[in-house]
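Below you'll find a set of structures to go through.
Two complexes follow with chain A in common, the first pairing it with chain B and the second with chain C.
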Partner chain A sequence: MDNFMELLLHSLRAFGITILQFVPNLLAMLIIFIAGYLFSRLIKLLFLRVFRIINFDSWCDKAGLTAIIRKGDIWSKPSDVFGGLIYWFLIILFLVIGLSALRLQTIDNLISQFFLYIPRAFSALVILIAGYIFAGFISRAVLITAVNSGYHYAKILAEAVRLLLIVLILAMALEQLRIAPGIVIAAFSIVFGGIILALAIAFGVGGIDAAKRIINGGEGRPVSPESKDKKKNNEKERDAEYF
Partner chain B sequence: MGTEKADILVGIASFNNAGTIGHVVKAVDAGLLKYFPDKKAIIVNSDGGSKDGTTDIVKTATHDHDAIFLSHPVYPAHRISIPYNGIPGKGSAFRALFRKVVDIQADACCVVDADLRSITPEWIELLLSPVIQKGFDFVAPLYSRHKFDGTITNSIVYPVTRALYGKRIRQPIGGEFGFSGKMADFYVSQDVWESHVARFGIDIWMTTEAIVNDFKVCQTFLGAKIHDPKDPGSDLADMLLQVVATLFNMTERHYDKWMDQKGSSDVPTFGFRYHVGLESVKVNAEKMLNIFMAGLKDLRNIWMDIMGPGDLGRIESLGSLTGGSFRFPAGLWSDVVYDYAIAYHRKVMSPEHLIRSIVPLYLGKTASFVLEAENMEQEGAEAEIEKLCLEFESKKDYLVTNWK
Partner chain C sequence: MADFYQNDLIITLHRLGNPGLERIESELREFSRQRPVALVLPALVTEFQNEAIKGIIAELKKVRYINEIILTLGRASDKEFSYVREFLSQLPCEVRIIHNEGKRVKEIYATLERNNVWAGEDGKGRSAWIAYGYILANAQSEVIALHDCDIVTYNREMLARLCYPVANPNIDVVFCKGFYSRITDKMHGRVTRLLIAPLIRAMQKLVGPNPFLMFMDSFRYPLAGEFAMITDMARTNRIPWDWGLEVGVLSEVFRNYSPRRVCQVDIADNYEHKHQLLSADDAKKGLMRMSVDICKSIFRFLAAEGIVLSDSFFKSLQVAYIRLAEDTMVKYEADAAINGLKFDRHAEASAIEAFSNAIKIASEAYSENPMAAPLIPNWNRVTSAIPGILDMLKKAVDEDNR
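Here is the complex of A and B:
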């Protein structure tokens, strides 16, 4: 009986010691949470002020970032959106730091994985944002050039270029995030290769004469004196159009 | 080895102009001998790496002096060909010429295009005499041109330059200019040679800088300008980009100079004005209208960012006009150009996209002018351009108000 009581008391003592050891960790976690919350709010306010000073919203309008945000059905100002992102990033960061203060093996493992993943997530985000802006820029250049050349399907061509670039950018971002990399690379290769093959077939079938002229260095078709005159007139017309 | 001094430098910028440069050199040579026999002159060809023997022709082109100069023996001016460094283009070629003017301490200089077919010895006198005899620093050309020729000058460059800076220089991007050694010294000291000024922006840059920096400017009547067709391989939209981008850059840089300028005044004009028979110019108004309509359909969002809903709505209403009834009102065109200048200033989008997106509107305006002036005489067409300029002047407040 004495042995039993001793065993019971020992367990309770051990539990008490564990609790006593855990309570400071818990307190440290709570303090980190509260300090992190206050720090995050402060940083958010600071960023909002800086955004306002540098006219961040207007820059986002010009760079097309506002349009991207609106497409995601988010109607806040870009500065609020980015301020919110920074705020939540810091909250999650402090949450993770706070949890690490508990010194639990399982949580420690999760945290180390989380920190290892941050650079990849950040790279993917940068690829997405820069890629979206780049795709918009190239698409607009294609649209303007095609319209100025009198091409009838300018908008379709520009949208096709944008789509192609976005597919490429998404594949790069997913590959960076290591989300099913094998499937992403295979899917991208199939889609991209398919598009190139389709274009090659379309050119081969529809542009056989043009291809022949290119291969022959522009000598695929004899130039009659009449067409020479016509070319000269066109040159004159173009000359007149601009200067 | 010291640099030999000369009183006059005549510059010819060239690139593969073997077909025409011989005639240009002969005319320049004869002009120098006939009108400035007592001056030490040098002809400098600034060449962009021609592969067709252009530079050899410059050195060897000769004419029969005895047939031209009956009364006294003469000797041709010294000629040299110099390669230039930097971005390939007309502006870089001119920069090399400006440097040469400064090096040889020339009092007067003129530049002529290498593709001219209508140049005569008198052009040299007309471009240089205002500098040498009247003390002017900058001489712009004045030509008789077909009513459908030089449309970018007529619809954008001349009206904007005149409205902004108040000087009626009719051919601000003519290509042939006379200027003093002091003016060349000013040009060469500017840090603009990595921009569009190094290419086709050079002409409008030279004219604008001469006006805004209070140099003495004038213009001189040269007669008809006939030159080789532009190289069909070159992209003419690039020329438009370079000229308009430089025009807007100048607008940006010299805000304080044009903000308070009201109206415009004539500049001194030299030369005997006479009626010249002009080569007819064919323009394809239908093709231009098709590109305008394509822009209306596909560039709406871009135009909205640049012009806003008001002017875009007015542009869209033109879409219902077809064929010969199509008219682009002068007032609307001046608003559009000012909208573009403001959008360029506010950096609404990449400068290249912004300026390239004006092409369909410009072609629409040009098509409208072609249809309107089809049966007009030269004077009638010129009167239309004058009306357009007055629109630009009267609407300048819109630009000033929206600039800040």
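Here is the complex of A and C:
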């Protein structure tokens, strides 16, 4: 009987010690959560103020970022959206830090994976934003060049270039995030390669004559009316000299 | 109208013989393949309680050549917007309602404002402007027609005759304005009869022959709210957001296009809509406010044309206006007599006095600040300031109507 009581008390004592060891961790987690929440709100307010000072919303409107946000049916100001993103990022960060204060092995493993993933997510975001601006810039340059060169399908050409670049940027971002990298690379190679092949076939079929002229070094080039007149005038001059 | 007189500057299309609505509509169906027509209807939600809008919708249900209808709705809650959507679902063509008080369209206005594009105050001008923006973003129509939603005597022939000159590729017209008489048992249209016409002619007396004044004088009903135009015009023309809307639109048409490509068309024998009080004692209400805004709009455009508008000019103008307006009143009295219409000479004379006061107020406001033009920038400038704004507007309207 004494042994049984000893066993029971030992178990209760061990449980009590575990609880006593866990409570400070739990308290630390709660304190981190509350401090994190307040800190996140403060940082959000600070960012919103900075955004207002630097006219961030207006910059987003001009750079086309607002248009991207609207495509997702989000109708808040860009500064509110980015402020919100920063706020939620900080909240998640403090949540993770708070959970790590519990000192549980499983959670610790998850947290280390989370922290390792942050740089990748950040670089994917940078690739997406910079890539979108770059694609817009290149597409506009193609549009202006094509319009100035008198192409009828300038807009379609510019949109095609933009689409190609966006496909490339999306593939880069997904590869960075390590989301099914094998499938992404294979899909990208097929899509991109397919587009290039289609363009090559289209040019090959539609531009046989042009290619032939280039290979023949300009022979068989269509003669413009001006050069026809010039040739005729030269012949007339030569005839006049002869007679 | 019984005559077929053509004036010097713009084309006037009369109602001669029996033009036949079926023939016009059938031709319009053909033309609309080449030049699809969008109809813009600026409306306040309160207008949906009136009989006029029901009559208009009943008539529009029979129209088959309209590509899209854009109703730009003002002062409506989300619930009222849903009611209007439901009400308009009976129309056979694609209908889009611009919910000006909705969170998405409000955010569009906020985007414009923070980029220093002032879209003006809430009103018909701004509503029409935002509808033009949506039509440009949608890129599905070549012709825009616009009429109010308070026309009691509406029939679809009005719309057909309004659209015909611009939709017909064989008539080289870029802008078409409607005209009509406004009579019940007496003559209405006091601002047109007793302010605009005498004022324009008084100015012509003072400054001599002036192309803009001659252009304005060519219109039989310059304040008619019904017009049709090519879609490109929506891209290049600015729109006043105040009561000078109709005069401002004509000024922009004069500025950007040759008068030979402008026409006016007889769209109805009679036209009836809600009447406004004169409010002679309060220049911020009713017809007085409208008159002041119209006068300011004309003064500003004349000044922009290089005419010097001094204090002495305004003093002479007021005297010349009163003389001409009184002469005009006598002509209308005779016109009323032969047609058996009532004519309250005292009320007409009082209106002239009030309009004379409006000219004075407008001239003072102009002299104080000649640069204060209530014009909403054209869409070319807006897209230059905010490249993605048309996409945003299309998304906002499409989502609201989803």
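Here is the rule we use: the second predicted complex is superposed on the first by the 218 of 243 C-alpha atoms of A that agree within 3 Å, B and C clash if a C-alpha of one lies under 4 Å from a C-alpha of the other, contacts with A are read in each partner's own complex, and residues count from 1 in each chain.
Going forward, contacts are C-beta pairs under 8 Å (C-beta built on N, C-alpha and C of every residue); 3 or more make two chains touch, one makes a residue touch a chain.
Nothing here was measured: the structure is a model prediction, and the numbers come from that model.
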Chain B versus chain C as contact partner of A:52, first or second or both or neither: neither
First, second, both or neither for A:62, with chain B first and chain C second: both
Which superposed partner A:13 touches (first chain B, second chain C, both, neither): neither
Greater residue coverage of chain A in the superposed arrangement, chain B or chain C: B
Partner chain(s) touched by A:141 [first = chain B, second = chain C, both, neither]: first
Partner chain in contact with A:77 - chain B first, chain C second, else both or neither: second
Touching both chain B and chain C, residues of chain A: 62
Complex interface listing, chain A residues touching chain B: 62, 137, 140-141, 143-148, 150-152, 154-155, 158, 231-243
Of chain C, residues touching chain A in the complex: 103-104, 107, 110-111, 114-115, 385-389, 391-392, 395-396, 399
Chain C partner contacts - residues on chain A that touch it in the complex: 55, 57-58, 61-62, 64, 66-67, 70-71, 73, 75-77
Complex contact set, residues of chain B against chain A: 146, 148-153, 173, 229-230, 232, 236-237, 239-240, 281-284, 287-288, 290-291, 294-295, 297-299, 302, 347-350, 352-353, 356-357, 359-360, 363, 366
